[in-house]
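Chains: A, B, C, D, E, F, G and H, in written order; residue numbering restarts at 1 for each.
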Amino acid sequence: MTEDQIRKILEQHKSGALSSEDALHRLRALPFEDLGFANVDHHRTLRQGFPEVIFGMGKTVDQVGKIVESMHQHNHNILVTRATPAHFERVKQIAPEAEFHEGARAIVIQKSAAILGKGTVLVVSAGTSDMAVAEEAVVTLKVMGNEIDSLYDVGVAGLHRLLDRRERLAKARVIIVVAGMEGALPSVVGGLVSVPVIAVPTSVGYGASFNGIAALLGMLNSCAISTTATAQRLSPV
Amino acid sequence: MTEDQIRKILEQHKSGALSSEDALHRLRALPFEDLGFANVDHHRTLRQGFPEVIFGMGKTVDQVGKIVESMHQHNHNILVTRATPAHFERVKQIAPEAEFHEGARAIVIQKSAAILGKGTVLVVSAGTSDMAVAEEAVVTLKVMGNEIDSLYDVGVAGLHRLLDRRERLAKARVIIVVAGMEGALPSVVGGLVSVPVIAVPTSVGYGASFNGIAALLGMLNSCAISTTATAQRLSPV
Amino acid sequence: MTEDQIRKILEQHKSGALSSEDALHRLRALPFEDLGFANVDHHRTLRQGFPEVIFGMGKTVDQVGKIVESMHQHNHNILVTRATPAHFERVKQIAPEAEFHEGARAIVIQKSAAILGKGTVLVVSAGTSDMAVAEEAVVTLKVMGNEIDSLYDVGVAGLHRLLDRRERLAKARVIIVVAGMEGALPSVVGGLVSVPVIAVPTSVGYGASFNGIAALLGMLNSCAISTTATAQRLSPV
Amino acid sequence: MTEDQIRKILEQHKSGALSSEDALHRLRALPFEDLGFANVDHHRTLRQGFPEVIFGMGKTVDQVGKIVESMHQHNHNILVTRATPAHFERVKQIAPEAEFHEGARAIVIQKSAAILGKGTVLVVSAGTSDMAVAEEAVVTLKVMGNEIDSLYDVGVAGLHRLLDRRERLAKARVIIVVAGMEGALPSVVGGLVSVPVIAVPTSVGYGASFNGIAALLGMLNSCAISTTATAQRLSPV
Amino acid sequence: MTEDQIRKILEQHKSGALSSEDALHRLRALPFEDLGFANVDHHRTLRQGFPEVIFGMGKTVDQVGKIVESMHQHNHNILVTRATPAHFERVKQIAPEAEFHEGARAIVIQKSAAILGKGTVLVVSAGTSDMAVAEEAVVTLKVMGNEIDSLYDVGVAGLHRLLDRRERLAKARVIIVVAGMEGALPSVVGGLVSVPVIAVPTSVGYGASFNGIAALLGMLNSCAISTTATAQRLSPV
Amino acid sequence: MTEDQIRKILEQHKSGALSSEDALHRLRALPFEDLGFANVDHHRTLRQGFPEVIFGMGKTVDQVGKIVESMHQHNHNILVTRATPAHFERVKQIAPEAEFHEGARAIVIQKSAAILGKGTVLVVSAGTSDMAVAEEAVVTLKVMGNEIDSLYDVGVAGLHRLLDRRERLAKARVIIVVAGMEGALPSVVGGLVSVPVIAVPTSVGYGASFNGIAALLGMLNSCAISTTATAQRLSPV
Amino acid sequence: MTEDQIRKILEQHKSGALSSEDALHRLRALPFEDLGFANVDHHRTLRQGFPEVIFGMGKTVDQVGKIVESMHQHNHNILVTRATPAHFERVKQIAPEAEFHEGARAIVIQKSAAILGKGTVLVVSAGTSDMAVAEEAVVTLKVMGNEIDSLYDVGVAGLHRLLDRRERLAKARVIIVVAGMEGALPSVVGGLVSVPVIAVPTSVGYGASFNGIAALLGMLNSCAISTTATAQRLSPV
Amino acid sequence: MTEDQIRKILEQHKSGALSSEDALHRLRALPFEDLGFANVDHHRTLRQGFPEVIFGMGKTVDQVGKIVESMHQHNHNILVTRATPAHFERVKQIAPEAEFHEGARAIVIQKSAAILGKGTVLVVSAGTSDMAVAEEAVVTLKVMGNEIDSLYDVGVAGLHRLLDRRERLAKARVIIVVAGMEGALPSVVGGLVSVPVIAVPTSVGYGASFNGIAALLGMLNSCAISTTATAQRLSPV
C-alpha cells in the first residue's frame, strides 16, 4: 500500500540507500492518485452493502457478464440499470438469485436487505404510464437500503387522489415525484410538504411534450415547492 | 364516507359525547381532500354521459384492461386514446361493443349517443395525410356528445376546395383545423369565420417541418384569425 | 355554377324580374370570396364597436399616427398593442381621449363602452410579476366589449389564495390564466372549473424558464383541464 | 368600388351597351377570388402536361390508389412522392406504365415527355450518400418537363471533381445542389456560376449534423453565392 | 375565521338552530380551501423565523414596497430576490435595517439570526465570475437560518485549489456547487464527498455555453456524484 | 500578370533556357488561384454596373471607409448593408452622393441607374412592421439594376387587400414576400401566381415567434406555392 | 494525365507546331482544376499508405462495392466507416483480407502496417458503453498508420482509475478522450497533461443527455484543458 | 515550495529530528493536491514565459485588479480576456506597460517576448467583420510565445484571395480559421493543407446564423479537411 511505499522510501533514505534527490524524486512520483483512489474507494467499497451500479445501455452481454462476475465475489448488492432481457439471461447464469424488473429495465442481485437510509422514501407517480420510471426509482432505492412507500396514478387531473393520501405524504422523509406531460405534479406535492421533493421527468405525453422536455422544464422552474431536484439518474427525460 | 363521518361528528357533538373543541378538531382534520374529491368527482362522474378518457400510451394491456373493467360498470362512454391493437383485443373481451378506430388510435365504448354539446363542431383537415389526427378529433368529439361535420383535404394549396364549402364553415359553432407542414390553414379559416378556431398541428411534412414544430409555431403565431388555440390534447405535434 | 348563376341574374335584371338593388345584392352575395371580403370587413368594420387593433411593435411614430388618424373618423374603439410612450404622444394629439396603459403597453381609444360579449371573462395571474401581461389581456378584453373580473397573485405557491376565490372562478364564462415560471397554474384552474381556460405564458422566471418556453410547454401539455388554449395573441412568451 | 362596378355593368347590360357575354366576362373578371379559384385551377389543370403531385407520406394504400385513379383519366403526368412499395403495388394495378424510383421514393406515371422548361437544370450532389435525395429532384424535374443533367459525388473534399466539370456547371440554367454534413457545396458552386443555385440539405452526416440541421443552416447562411434557395420541397432535412 | 365559522355551526347545530342536514351542508360548503390555506400557512407563517421571499423581477417599486410593508409587521426575515437598487431605495424607507447585496441582487431584512438548519452548508464556486450567483445562494441560506461556509474560485482548471480544502468539503452537510462554462465542478466535488451536492449552473462562459445551457446540461447528466440536484431557485441559467 | 508569366515560361522553354522538366514544373506551380481569381473577378468586376456589396455589421467606421474609398474609383454602384449612421457619416465624406436608407440600414452610392434585370420584381410585405426589411430588399434590388414594384401591409389578416391588387401580382416576374409572425403570406401569394416567390422571414411578432423562427419554419415548409426560397440574404430572421 | 498534357503543349510549342498564342491559350484553358486536382491528389494519393476513407452510411451495398473495387488496385489502406454487415459481405468478396470491426462499424483493408505518425496516440474512454466509439477512433488511427495505446472505462466516477495510469497519459503525444453523459472526462484529462486533447462526445446517457448534446456542449466549453478539439469525424454525437 | 518542503522533511527524518511515523504523516498530509498543484503549476508556472490567463467577463474591476496585482510580481506574461476599458484602467495603474486590444477585448502584459512554440501559426479570417475574433486569437497566441502570420478577409465569396496566398498557408504549422455566417471557410482551407486546422466560429451573420450556431455546426460537420477543431476558447460563438 501507499503507506508502505512511503515508509520504505523514508527508511531507504535514512539508511543512505537512497540519496535525497532520489527520495525526493520518488516521493514526487508517488502517484497522488493512490491517495485519491483509496479515498474514492472508501466511497464505494468500504461501506458494506452499498451497491455497485452498472449502466447497462450500450454494453454487450459479455461486458455486463464480466463486470457482474468480478463483483459477485464481494458481498455487495448489485444493480444493472437500462438492462435488456439478454443481459439478464447472462447475469442469471452467474447469480441465479438475480431478479429482472422488466418495467424498470433493471437487474438486481440483492445480497443484503439491511436498511441503510433514515426514514421512508415515498415514490409518487402521476399516471399509470409513468409507472415504469417510478419502478426504476423504487428498485434503485431498495437495492441501496431504503424503506419505500409508493403512490401511483395520483396526477393533477385527479388531485383528490393525491390529497386523500396526504398522511402518507406527511410521513415520508424524502418524496420522489415522477411525472410526464407538463410535469406539474411535483409543484403540487411540494406545496403540501416540507421535506425534499425530487422531481423525475418522464417522456410520457403527446407530441408537444417533446419526449419529456416539457416535463423537465416544468420541474426545473417549479416555484411552489420547498426543495426541488431533478434526478436525471433515475429516468429518461 | 365523508358525509357519514361529518354526520357522526355532528351527532356526537350534539349528544355531548364530543366537546366543542374536539368536534372542531375533528372537523378540521377531516381531510379537505375528500370534499375536494367529491367536487372534482362531480366534474367527471355526476354529469351523466361524460366519458372517461384513458391515455393508452405507455400502459400495458393489463393496466388498460383493469381500468376499463372498473369503469365499464358505470354508464359512461369510455375512450382509450393512443391505443394499440393489443389494447383493443383486451378491451373487446370486457366490452364486446367496443370499437377500434385504427387511424385515430382510439378505442371507443359508446354507451350513450346523447348530444351534450351545442351546435356543430366542424373538423377541417389540410390534407389526406392529416386525416388520422382529424379522425382522433372526430372520435373524441363524438364520444363526448357533440354533433360533428368534417371537411378533409382542403389545404392551402387548393384554396378553392375550402372556399367552395364556406357555407359549412359558416354553420359550425366551433372549428377544429388540423394541418401539418407550415400549418397555415387555421390562419386562412380564421380569416373566413368568426367562431373559435382550434388549431391542431400534425407531424406531416418534409424534414424541415421538424415533426410538426413548424406547424405548431405557425399556429401559435397566427395573426389572421379571431380565436386560435392549440389543442395538444387531440394530436401529436 | 357561378357562370350560370351570374348569367341568370343578368337576364332576370335585364327582363326587369330583378330590381337593380336585388341584382346588386345577389351579385354581391355570389362569390363567397366577396362575402369573405365583406365578411372580414364585417368582422372589423360593420359590427359597431368592434375595435381595430394596431400592432405597434416595429412601427414608427408616424406610421402609428397615420393609421390611427384614418381610423379615428369611424366610431370604433381603437387599440394599439405593444405601444411606446412616443406612440402615445402622437396618438394623444389625434385623439385626446386616448389612454395609455403602461404596464400593458397598450393605447386605448374607447369610443363605445357597450358590452358585446356574453358573461364575464375572468383574468387570473399567478404572480404580481405577471400582472403586466394580465393587464394587456384586461385592456384587450375591455376594448372589445367584455365584462371582466380579475384575480391577481394567486399562484401555485399559495394555492389557498386561489381556492379561497373559487366562487369567482365558478362565475366566469371563460377564464384567462396568465403564468410564468413552470406555468402550472392553468392546470390547477382547469381542474377546478368546467368552462374554457385560456392559458397565457409569460417570460417571468429564472434562467431555466428560457424566457417563457418552460411556461409555454407546460401549458401546451396540460393534462388536468377541460379545455386549454394558448393565446399567443395577448402576451409575449 | 366593387359595388359601383357591378352596378355599372348591370346598367350597361340592361341598356344593351354590354352583351350578355361581355357582362358575364366582366363580372367573372371582377371578384378576384373567382379568378383566383379558376386561376389556381389553371396552375394545375389547364396547362396540359403539368403533373399532379401526390404527397404519399401518411396516406394509406387505398387513399393513394383512389387519388391516382381519379387523376389517371386526364392526360397529366402523375408524381407520388414519399411513396412506399405498397403504394406502388396499388398504383401499378391502375396504371401499369407507372415506374417506382426506389431511392427517390417516388412513383411516376409519365404520360407526356414534352419539355416545358427552358434550358437545362443541373442536379449536383456532394456524395454518393446524398444520391437518393438528388434522384428525387431529378425525378420531380423530369416529370415536370425539364431537361436535366446531373453531377454526383463532387463534394468539397474532392473539389477538383467539381472543378473538372465547370463547363457543365456553366451550361446549366439552374443548378440544384444537394448536400449533407456541413452543406458547404452550394456555397462553392455558387461562387463559380451566376445562375440561380437551389440548395437542398440532406440528413446525411455524423451525429453533430443533427439530421440535416447543420446542412440546412449552412445553406440558409451561405454568403458566397449569387442566388441561394432552400428547396424543402424536394428533400428531407 | 374558519375556526370561528366551524365553531358557530357546531353551536347552532347543538342548540337545534341548525338541522343535521343543514349543518352537514354548511360544513361541506366550508371551502376546503380555507383549511388548505391554514395548512399552507403553517408552512410559511407559523414556523417562526422562516422568511418570506419576494421575487423582485418584473415587480414595480410600488408593488415590492407594499408587499414588504405588509410583511414587515410580522417578525419574519424578509428576502427580496432579483431586486434592483430602486427596489432597495423604497424598502429602506420601510425597513431602515434592510441590506442590499448588489452582486446577489438581493434585499435582506434579517430580524432573526437564529440557526434553524442542521450542520453547515458549503457554497463552492468555480470561478470569481460565478461569485454573484454564489452570493445569492449564501444570502438565501443565511436569511433562512443556515450556518454557511464558502469556497470560491476553485474551478476544475486549478483542481488543487479544491483538493487543498478537502477537509472543509468533508465537514459540510450539504454542498452547493456553482459553476458556468461546462459545469464540470459538481461532478468533481460529487466524487469527493458523500453528502448531497446541489449543482447551480451560471451563464458565465464563451458563446458556446449558450448562456448556461451547457452548464445546466452538464449538471443534469453528471454521473460521478452521489446526489445531484439542479437548484433553479438560486440562480439564472 | 499571369498571362505574362505563362508567356515568359513558354519563350524560355522554346529558347532552351528552360528544360522541359523545368517548364512543366513552373507551369504546374503557377498558382491556379490566379486564374481562379480572374474568373471570379469576372463575376463581380467585369459585368459593368454590378454593385459591390459591403456587409457593414461588425465593421468599424474606418474599415467601411477604406473599403468604400478603394471601390469608389470604379464605376460600380456600391451598397453597404447593416450600416450605422456613423458608417454613413464617413461614407458621405468619401462620396457625397451617398444616400442612407435608415429603415433598411443601407448606404447606397448609385452611380448607374441602368436596368439590368428582366421584368419587374414585386416586393410584398405582410404588415407595416415588416417594412424595414422590405425596404432593404427594395434598396438591394434597385442598386443591382432591377425595376421594382412594392405592395406593403397586405397581410393574411386582411386578405382582400392583397387580392385587390392581384393584377400587380400577375405582372411581376419575381415576387419577394416579406412576413413575420407565422409567415403564412408567401403560401397565399404562391397559390395565386406562377412566378418564383422568394420568402423573407422577419422577426416581427409576439414572443412565440421566437424572433422569426416561426416565420422561417413556416416558409421552409410552405406547400401551397410554385417555388419558394428563403432569402436570408436580405433580412434578419 | 495533366502532366502529359502540359508536356505535349510545351513540345508542340517548342517544335513550332503551336504558336505562342495557342500554347498560352491552351495552358490557360488547362482547367486549373486539373492542377488543383493533382494537388489534392497529392494529399490523398501520392503519400503512400494514406488510406482512402469511404463513408458507408446511406450508400447501397453496390455503391460501396464499386468504390472499394476501384480502390483495391492501388496499394492503399482502405477504411469504410459506418459500414453494415451487408457492406462487409460484399467487400470481403473483393478483398478477402478485409476485416469488419463490428463495434466500430468499420471495414478495414490494411495493406500497409507502416507507422506514419509521430509518437503514440492514446485513446481514452469514460465507460464501457463508450467503447464502440473509442474503437472507431482506434481503427481509424491504426489504418492511418499511428501507434496507439488505449485506456478504457476510466470515467470521472472512478477518477482513481485514470489517475493510476498517469504515466501512460504522460507518454502520449495526442490524447483522444471519448465520453458520453456530461462529457467531463476531457476536462479532467486536459488538466493533467500538456499535449493536445481531442474530445469525442458519444450519445451514451440518460434522456437528459439528449443523445450526446450534453456531452458535446460540455466539451465545447471545457475550461480546464490545454487544447480541446471536438472530433465529429470519429463518432456520432 | 513543495520541493523544499519535501526536502526538509527528508532531512529532518534523516537527522532523527522527525520520527518515521511523523515523517510519514507529514508526507501523507502533504496535500497530494500540493503535488497536484506543483504539477499543474509546472504547466503554468515553471515553464518561463507561459502566461496566466484571467477571464474578465463577470469579474468586477476590483477582482481583476487584485488578481493582476498578485500575478504581476512574477515574471509571467499576463492576459485578461473579455476585458472592459474599466478593467484596463485599473490594470494600467498596476502595470503601466499593459496594453489594451480593444477589438480583441484583451489586456496584455507582455513581460517576455520569447518564442516558445514551434513554427508559425497562421490566423485566417473570412471577413473584416470577423477580425475582432481573429485578433483575440492573435493576441492570445502572441502572449503565449508563438510566431504568427495572419490573413484577413479571405472568405469563400472571394476564394481567389485565399488561393493567392497558398504559399503562406503552406508555411504554417497550424492554421486557425475564423468565420461567421455558414462557416465554410475552414472546410476550404482544410482541403488545401495537411496541417491541423482549428476552426473558430463567430456570431457574424444575418438572423438565420442564430448568433453563430450555423457557423459552429458547419465547422463541427466539416468533411473536407484533415483535422478540424472548434476552439471555443478563443471566441464567442
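Going forward, contacts are C-beta pairs under 8 Å (C-beta built on N, C-alpha and C of every residue); 3 or more make two chains touch, one makes a residue touch a chain.
It should be emphasised that the depicted structure is a prediction, and the values quoted were computed from it without experimental measurement.
Any chain touching chain A that also touches chain D appears here: B, C, G, H. Ranking all chains by how far their C-alpha centres lie from the centre of chain C, first place goes to G. Superposition on CA atoms relates chain B and chain G by a rotation of 180 degrees, given as a multiple of 5.
Annotation: 38 Å between the Cα-based centres of chain F and chain G.
Averaging C-alpha coordinates per chain places the centre of chain G 26 Å away from that of chain H. Chain H has its Cα centroid 54 Å from the Cα centroid of chain C. Shared interface positions of chain B, i.e. residues touching 2 or more other chains, are given as 32-33, 36, 38, 40, 55, 159, 163, 191, 206, 208, 210, 216, 220-223, 230, 232-233.
Across the complex, chain C meets chain D through its residues 2-3, 6-7, 10-11, 13-14, 20, 23-24, 27-28, 30-34, 36-37.
Residues 155-157, 159, 181-184, 187-188, 191, 205-206, 208-210, 213-215, 217-224 of chain A touch chain C in their complex. Residue ranges on chain B touching chain D, taken from their complex, read 127-132, 158-160, 163, 204, 206-208, 210.
Against chain E, in their complex, chain H makes its touches with residues 31-34, 36-37, 39-41, 55, 57-59, 63, 67, 201, 203, 211-212, 216, 230, 232-233, 235-237.
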